[in-house]
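Shown next, in structure tokens, is the structure this report addresses.
Order as written gives the chain letters A, B, C and D; numbering starts at 1 within each chain.
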Amino acid sequence: MPVMEGKELRIVGFLCNWCSYGSADTAGVARAWQPTDLRIIRVPCSGRVDPLFIVKSLLNGADGVLVAGCHPRDCHYSAGNFYARRRLEVLKRFLPVLGINDARFEYTWISASEGQRWQQMVTSFTNRIHALGPAPRFENATPLPKVVGMALPPSSRPLGTGKNAPLDDLKQGIKEKLPDLECVIGWQRGYDGVHTAPLFMKIPEDVEKLVWGPFNVANPAVYLPKFKGKKVGIVVKGCDSRSVVELLQEHLVAREDVTIFALPCQGTLDMSRVKEKLGRYTVVDNVVCDETEVIITVDGKKHRLPMNDFAQVKCRLCTKPMAVFADTPLGESPEVEIATHVPPELALLDAMNLDERMAYWSGQITRCLRCYACRNACPMCVCRDYCVSDSRDPRWMTQEADVTQKLFFQAIHALHLAGRCTGCGECQRACPVGIPILALRQQIARTVEELFDDYRAGFDPAAVPPLLSYEVEEKSIREREWK
Amino acid sequence: MRIGVFICHCGSNIAGTVDCTKVAEIAKKFPDVVYTAEPMYTCAEPGQTAMEDAIHEYRLDGVVVASCSPRMHEATFRRTVERAGLNRYMFEMANIREHVSWIGKEKDANTNKAAELVEIAVAKLRNNRPLTAKTFDVTKKVLIAGGGVAGIQSALDCADGGVPVILVERESTIGGKMAKLDKTFPTVDCSACILGPKMVDVAQHPNITLHAYSEIEDVSGYVGNFSVKIRKLATYVDWEKCTGCGVCSEKCPSKKTPDAFNEFTGTTTAVSISFPQAIPKKAVINARHCRQLTKGKCGVCAKFCPTGAIDYAMQDSIVTEEVGCIIAATGYDLMDWTVYREYGGGAYPDVITSLQYERLLSSSGPTGGHLIRPSDGGEPQNVVFVQCVGSRDKSIGRPQCSAFCCMYTAKQAVLTKEHLPESQSYVFYMDIRAPGKMYDEFTRRAMEEYGVEYIRGRVSAIYPDGLGQYVVMGSDTLLGEPVEIKADLVVLAVGIEAARGTRALAEKLRISYDKSGFFMESHVKLKPVETNTAGVFLAGVCQGAKDIPASVAQGSAAAAKVMALFARDKLENNPQIAFVDLRRCVGCGKCIRCCPFGAIKEKDIRGETKAQVIETVCQGCGLCTSTCPQGAAQLSHATDNQILAEVNALCR
Amino acid sequence: MSNITDIRLKRDAGFIAEVEAASGQKLSTCYQCGNCTAGCPAGFAYDKQVNRIMRGAQLGLKDDVLNSRAIWMCLSCFTCSLRCPNNIDVAAIMETLRHMARKKNMVSVRKVEKFWFSFLNTVRAFGRSWEIGTMALYMLRSLRVFTDIDLAPEALKKQKLPFKPYVVPNGGAGAVGRIFKRYRERADREGVRP
Amino acid sequence: MNYAYYPGCSTQGASTDYEKSTRAVCAALGMNLVELPEWNCCGSTPAHAVDTELSAALCVRNLDIAARQESETLLTPCPSCLSNLKHAAKRMQNPEARARVNELLDNPAASEFPAVTSVMQGMAAHLDAKEIASRTRKSLSALTFAPYYGCLMSRPAEIMKFGDPENPTLMESLLTACSATVLDFPLKTACCGASYGIPERSMTARLSARILQLATDMKVDAIVVACPLCQMNLDLRQPQAEKAADTRFAMPVLYFTQALGLAFGFSPDTLGLEKLRVSADSLLRKLGTGAANAAGSR
């Protein structure tokens, strides 16, 4: 059923049964005239409103979405609205990065007795949406041509190849602990000298295969949940360790089950840029690391790759080269200059207006193959076989390969990572078509930091995750005025 | 599915601005809809009968009624479809009256909107599943938190009704604030004389177990089956042995212990019984002032105690009680009035609170009922009462009225005249709130018979004049003039707030509280005793300001609620609760962390940790469902698929 | 004329809005507790007490309020604002009413205004105030020759009053004079009394 | 350390003793006051009573000069000037008001002004009580003071930022650092009658009498003030108050800087004590000859 063409816009309301649905009833009983655009979906509590319902509505043609719940402290279920407030505020600050105007989404609190206020809200929200006009749709956007020019941020520390890392000491340490462990996860040489593959060390001979250096790009924490309940060791870079911390925090691995081996990391290579530099090649002749650069000879041709130019962006911004904590740490964390630089993927989007962002995503996401490599590489994607993206019950997505479905999956991933993503960047690295999807996670992480006292995931296994808690009086969330 | 849709005209209430026939026509085209009808009044008996008939005749297995708000008639129609043999949850409503016909002016738009609301309802119904309630046993025992007059009344009523009662009181005696009062309005009878017998009844009732000097440590479980941990604070006196003879107190050398029972108007001993009529009449050692406990030498009380009850090594202990219901009757405290710097902020000895004044008037108080100025012990000539100190004051965030100050102020002014016939009392007030039986007559008597001077206006400042008196700067808005009175004693009618610790208790009981900390009732008008947590009831001022008769009435009301619940041997749960798809659950515990009711627990299933919903505790908010990333936790009747069906009906 | 206030006739809704806009205060939040009156140090010199002024403003009784003596005797000491239980900045309302009365030329206590202008005229002329000049001007304007004459011997003996004004140098006095000039011109343009 | 300094007109006329003692005490504390060049009158009460924009424009001209001095803090001894300057700075944050005020000025004002604060707060921020105590040469322990701030210094609280608007205590901390006994004076923020001394003498007489009466009943040696107008009303106009109250007070009224100056060992004449109408000789006697001796050493 279409909206009244030219007269009405599509506005969806999610109202809690106890207060806000009641206020709409009260307004009705008082014959408080309202615009007719709004369609109300009754839910038990504002806490039941999964932000993804709102994203789904907005991606699929809603021009505006309004969520209303009981006033803080008046929740029929004690605290549902307190959780809703945090999650919906995160959503509100996430929408613009997709290119969706956050004015099209609002959440508010209203009690069952406030019929007149409800009338004012509906009227003002409807007027607001009419002023904005029909929402532009991703499928109609003109894809932005390939965007270039992500400037590299300055590095927070000198980068290197890790040539002098005490690898032998590490191997010795692993061998000592190995008898008590099912296995130890690390890296080994891959199909050629410029690639590594995961290594599962079970016997001392396996340990000799362990490598350390700029090619250890993959995050071994992704394998950890598979060993749940078993004693296991893991070799980590600083960034990997933050994923381990998150898994500990979420009880997906037990602290007593995991032994952490760590070396200070000097940075790893951005493989897409290495590939670009080396070009097409058949044989890797030789790989030599000196302290600050990697010299790769392929097909007889020598390439010099200074770490300072070829390291991953996340290494340039890294504040934690050494593991958050480790059972067998070898070496000290180097001095790091703590500077907050907006990651280039996000800075690029920050510089665009909403229309440009929509066009950008429309262009980028069209290339998505729905291969889910991003999901499979993510150490925090613990649902595995039960990801909601390909289940029937609940059936969040269809199998159509259109822009909205593809983008919706990215929104699901990003919002499921709210307060959990450590920014390891594996999703983006794994993408076979190179879509800069990390920006969406970065925006969520930035929002969580802004709203919840600079909270950053992966530093404290005992921390209370911000989206699984609340404050009665939120420090950084202000109720918006209704006019 | 075979769905029937009923578009109610509600007389002209809906049909006046919605083309119901057209809505029915459109609805016929929705998937699975096999029947539509347009009853005049669906909720009326003929309407309901027609619905039942249609269900049989057209073999309907789901029904949508488009009419008024589900908050009005959902329960009615659920019973109707149940009578016709359907599960009551195979039913949905579209609210086309309050949300359409009564608020939209244009018939076209209304009709279109109504049809869409029906479409949403049909879309959801197609995802509905039959749900059935489960039954469970009830522990027929009640725990009452707070032994003030409300809690005492609840305890006695429940106990008389045959329900075993666990009464928990934080102080060393029950009686609450009422025990501190000298007289009560409007009859001016002695507070201790009317409360005393009730307190004795509590002590003697075979169905009541009293835990005084105890606090609630933890609450788990659900209606019918709560488990409450009670922390019995160390009294350093073995109450099994203590006879309440008072020798310890007589001999105690630490005589300058602040006397909390007397609102710090006097001092007491480190070991003491708070007042002569205390229940239980047992001694308690104040650990902060006991020489033995602070300095390690003294031991006088232990030496003199005839029964050897003193135990300096006593520790807190925990007892656990299993109960079916809990009544919160935790009362109030006075707000911290020292924020009023313009009244001296507590620095002036003769500017006191009304509760302190009660102790000065009381014959069991520090002065033996002799009304004197705290500063010099002289009899006050001019006594000024200031009302609304900490009430009705937005500037300090307390906009609410404390409800009973007007009346006790009048009473105190009357008592002042009775104690000191030569004295003159003045009352600064904003409005006299005396709506109870014989209340207004009482305030009139204060003015007419006792010569109390009532002055309508707030007091801007109070300061000592340097010569022993206090200047009270007020105004008389009726006269239209500022007014100054030189007072010997100033009594502030200090506003109330929820008792200290109320918020922590609310968290344990999983009930809500308002801005001032008072517990939230389930419905302001129609459920003033219930809370939103089944099996937890409220009595007395902890729910909001009220006087003694209202507290007693609510105490009895809470008892009635308990007994009504216990009249059944088994309870039924609401089937609109969460469940966990065990295959999907990865045991991350996010749902457990944020469930407001503690209704999800970890369970080991074949070596794997999974989440499990405690069906009797879950209240059906659905927070777990929107928290679970893999969609394993689902709220019955509001599952992801049901809501997605509604979203998809609107946005595509 | 009847002395019964017909609220419908005397209420001026525009006046209420004007006072609220200029003062930034919401008049309906006043519940007439009288705290402003109780604390007002100048109340004894008022014809109508502060709470009465607030009531008048709340009802929109424009003439009643603007013709009052009280708004001219207010000392702007902010005691009322500080102690108002409803957080109303009562002093701001008093000042707003004073401004409105002046602009509409409804000054009920002329001598106060005369004093102000005597003071401001010295500032306009010299850039700084000058006590003797202010007094002289005020005596001239108000024809109250003996104002504070009792203080003069003592003040002069203690050399508290300079006989000559200080003129702000380097064009400073001129700059101040231009502020007054522009103020006056703008008031004329806007049709209000400067 | 250098501080931009706005003396205010009173200190140039009726209250030269405040100016003298302020400068002496600040110098002793190591505060170098740099007077704003070509400053003008803030407009005082008459300006804001007539028109807030006129008042703001007069103040902003001074703030603008201060902004060009590139000093971080602008100090003023007079609470009335302080109040006007702070109100003006606040008003300039509103773009509409700023535009209207700019219309009255020769040139649009600077976008930001230095923070304006009282000399008293400036002293407390410059040195803590312990350091101030260490500079005391003459204990004031023989003296009992009633601290009196007047109504403007602490109100409105959100603009003046002078601590608890009902009960400021900064002056107490300075005076007790010099060992004086300072009583809790309940009328410390009451109004003295302000500028109504000329047009409505009975007002100031009555309000000042109330303050003087309480101080007399509390048996203090002097009232200590921080405001030229308060000082004038309580001291110069004391006979008028006495007449209104039909009593005799003979209550010395000192500036806090004069009291501090005595403690720092300045001579009465350096502090301008001779300007007081009610003589401070009784205080000097209580302090012994020390004050006079110390004066020689400076």
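Quick notes on this structure:
In this section, contacts are C-beta pairs under 8 Å (C-beta built on N, C-alpha and C of every residue); 3 or more make two chains touch, one makes a residue touch a chain.
Since this is a predicted model, take the numbers as computed values, not measurements.
Identification of common neighbours of subunit A and subunit D yields B.
Chain pair with the larger contact count among B-C and A-B is A-B, by C-beta pairs in contact. Rounded to whole angstrom, the centroid-to-centroid distance between subunit B and subunit C, based on C-alpha atoms, equals 51 Å. The geometric centre of subunit A is 42 Å away from that of subunit B, both derived from CA atoms.
Between subunit A and subunit C, the centres computed from C-alpha atoms are 61 Å apart.
Distance from the subunit C centre to the subunit D centre is 23 Å, each centre being the mean of its Cα atoms. Within subunit C, contacts with two or more other chains are made by residues 44, 79. Taken residue by residue, subunit B touches two or more other chains at 342, 461, whereas all remaining positions touch fewer. Chain contacts: subunit A has no residue touching two or more partner chains. Considering their complex, residues 1, 3-4, 7-8, 10, 12, 17, 21-22, 24-25, 27-29, 31-34, 36, 39-45, 47-51, 53, 56-57, 60-62, 73-80, 83, 87, 119, 225, 229, 250-252, 382-384, 386-388, 391, 393-396, 416, 464-465, 468-469 of subunit A touch subunit B. Residues of subunit C touching subunit D in their complex: 41-42, 44-45, 73, 75-79, 81-82, 89, 91, 95, 98-99, 102, 109, 111-117, 119-120, 123, 127-131, 134-135, 138, 142, 147-148, 150-151, 154-155, 158-162, 166, 168-173, 175-176, 178-180, 182-183, 186, 194. Interface of subunit B with subunit C (complex): residues 342, 388, 392-396, 430, 456-461, 473-477, 480-483. By the touch rule above, subunit B contacts subunit D in their complex via residues 341-342, 344-345, 347, 461, 463-467. Those residues of subunit B lying in contact with subunit A across their complex are 26, 69-72, 95, 97-100, 102-106, 108-110, 112-113, 115-117, 119-120, 510-515, 520, 532-533, 576, 581, 583-584, 586-590, 593-594, 596-597, 607, 609, 619-623, 625-627, 629-632, 634-635, 638-641, 643-644, 646-648, 650-652.
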